[in-house]
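Labels A, B, C and D are assigned to the chains in the order they are written; within every chain, residues are numbered from 1.
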Amino acid sequence: MIRVQTEDFDVGRELAALTDGRTDIGGLASFVGLVRDFVEPGGGTGDGNASIRAMTLEHYPGMTEKMLAEIEAEASRRWPLQASLVIHRHGRLLPGDRIVLVACAAAHREDAIQACSFLIDWLKTKAPFWKLEDTREGERWVAAKESDDLLAERWLKK
Amino acid sequence: MIRVQTEDFDVGRELAALTDGRTDIGGLASFVGLVRDFVEPGGGTGDGNASIRAMTLEHYPGMTEKMLAEIEAEASRRWPLQASLVIHRHGRLLPGDRIVLVACAAAHREDAIQACSFLIDWLKTKAPFWKLEDTREGERWVAAKESDDLLAERWLKK
Amino acid sequence: MKVLYFAWLRQRVGVGEETVNPPADVATAGQLLDWLAAKSAGHAEALKNRSLVRIAINQEFAGLDAPVKTGDEIALFPPVTGG
Amino acid sequence: MKVLYFAWLRQRVGVGEETVNPPADVATAGQLLDWLAAKSAGHAEALKNRSLVRIAINQEFAGLDAPVKTGDEIALFPPVTGG
């Protein structure tokens, strides 16, 4: 299931909905991405320099849903999943706010974990979202990270 | 943080407690293990043969907490984590019941995901728990799976 | 042909969406970018560094050689940074 | 010396815990297992297949060569299956 929304989501409720009433799920892996308050100079490791006041996520309505659905379908082709979920927010968010939730349920834990990792890696490089940071030094579009490309490429040879 | 208990846990509340009020966490990875209702013949893939009526988890009080704390400390040595949590239940559980929750929070998503995967893999092979299945054919102690050993061994060369 | 711009491409071009009617010899995404870059200083600035421009045709990623035609929805944007 | 048994080892031995006083020549975990196996048919059955027996000494995993001594807490159990 795919959702693109401005509102926050309730992680516990969303995860419970994937497994409640089912007895065929052995593992549920999830990832929540949150807004951090520090900028990373050059995309390297954070120096704890707190300077992000807010973050605005822009996206491409229509293509976003289409890409997320394609990515989710690809995960289900690669791993035997019982359920999966991607929720991605857009609009203005504050440090500590949730941005994205990815979750995969499977009979076997490794399938759930691998699929969840795949979903977030591919989402990061294929879903049309862009982050605008509001920092003390002004607004700044977040640059794509080479490390994200490398993490996504891991899944190409599968 | 480590907890060994008979009671169920609230995944949403537990995960929220790791991140609430913090602005230095970029990613929160988690895994929930649940009781499935089918036995896997020979430890292979499930054939959907629903036959588990209940599962009783026995453990070694004292050593369990010690091993879980050691595993959690090892994760924190290997990855820069902002927070981590392991909750493992024992006693009698029914199909669909939650068994274990592992969660790791970090500034960067890949650290959180790797550490979470490591925690569940090592827990599976190092924490002194044993599963007794109550099936239609009688009681059966679950045999350790070679696949779990292989998953745990991935982390030896790190 | 509808062209959409996102993120800093949108800011530099000055609009998020425009309808264009390129001449018949604009047959590929690359040729469209060349033609758009000549429309204004903002367009030129947005499309200056082609290595930072990603293209979607009818909501699918496409390369510079991909054909474009009347009625297509073309989107131009920087590398994505969601998640 | 306290010996704990878990899972099917506990069921076969018949008790979850016992205090034992092996002779002085029982110096390693392996020697302790040999000595325990001679205690009863249940002990023998539980300890028959050594490849299925895991050992913890004072709540740390240990091998057959690990020294054991008076006052130690020795636990014997099958490969773990939690998570």
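Just a few scattered comments:
Here, a residue touches a chain if its C-beta (ideal position, glycine included) is under 8 Å from a C-beta of that chain, and two chains touch if they have at least 3 such contacts.
Keep in mind that what you see is a predicted model, and the values were worked out from it rather than measured.
The greatest centre-to-centre distance from chain A, using averaged C-alpha positions, is reached by D. Work out the mean CA point of chain A and of chain D, and you get 48 Å between them. Between chain A and chain B the centroid-to-centroid distance comes to 22 Å (mean Cα coordinates, whole Å). Chain centres here are Cα means. That of chain A falls 26 Å from that of chain C.
Touching two or more other chains at once are residues 83 of chain D. Residue numbers of chain A whose C-beta contacts span two or more other chains: 33, 109, 120. Across the assembly, chains come into contact as A-B, A-C, B-D.
Contacts from chain B toward chain D in the complex involve residues 33, 57-60, 62-63, 66-67, 88, 99-100, 120, 123-132, 141-145, 148.
Against chain A, in their complex, chain B makes its touches with residues 10-13, 15-16, 19-38, 45-46, 48, 50, 95-96, 107-110, 112-113, 116-117, 120, 147, 151.
Contact residues of chain C toward chain A in the complex are 4, 6-8, 10, 56, 59, 61, 75, 77-83.
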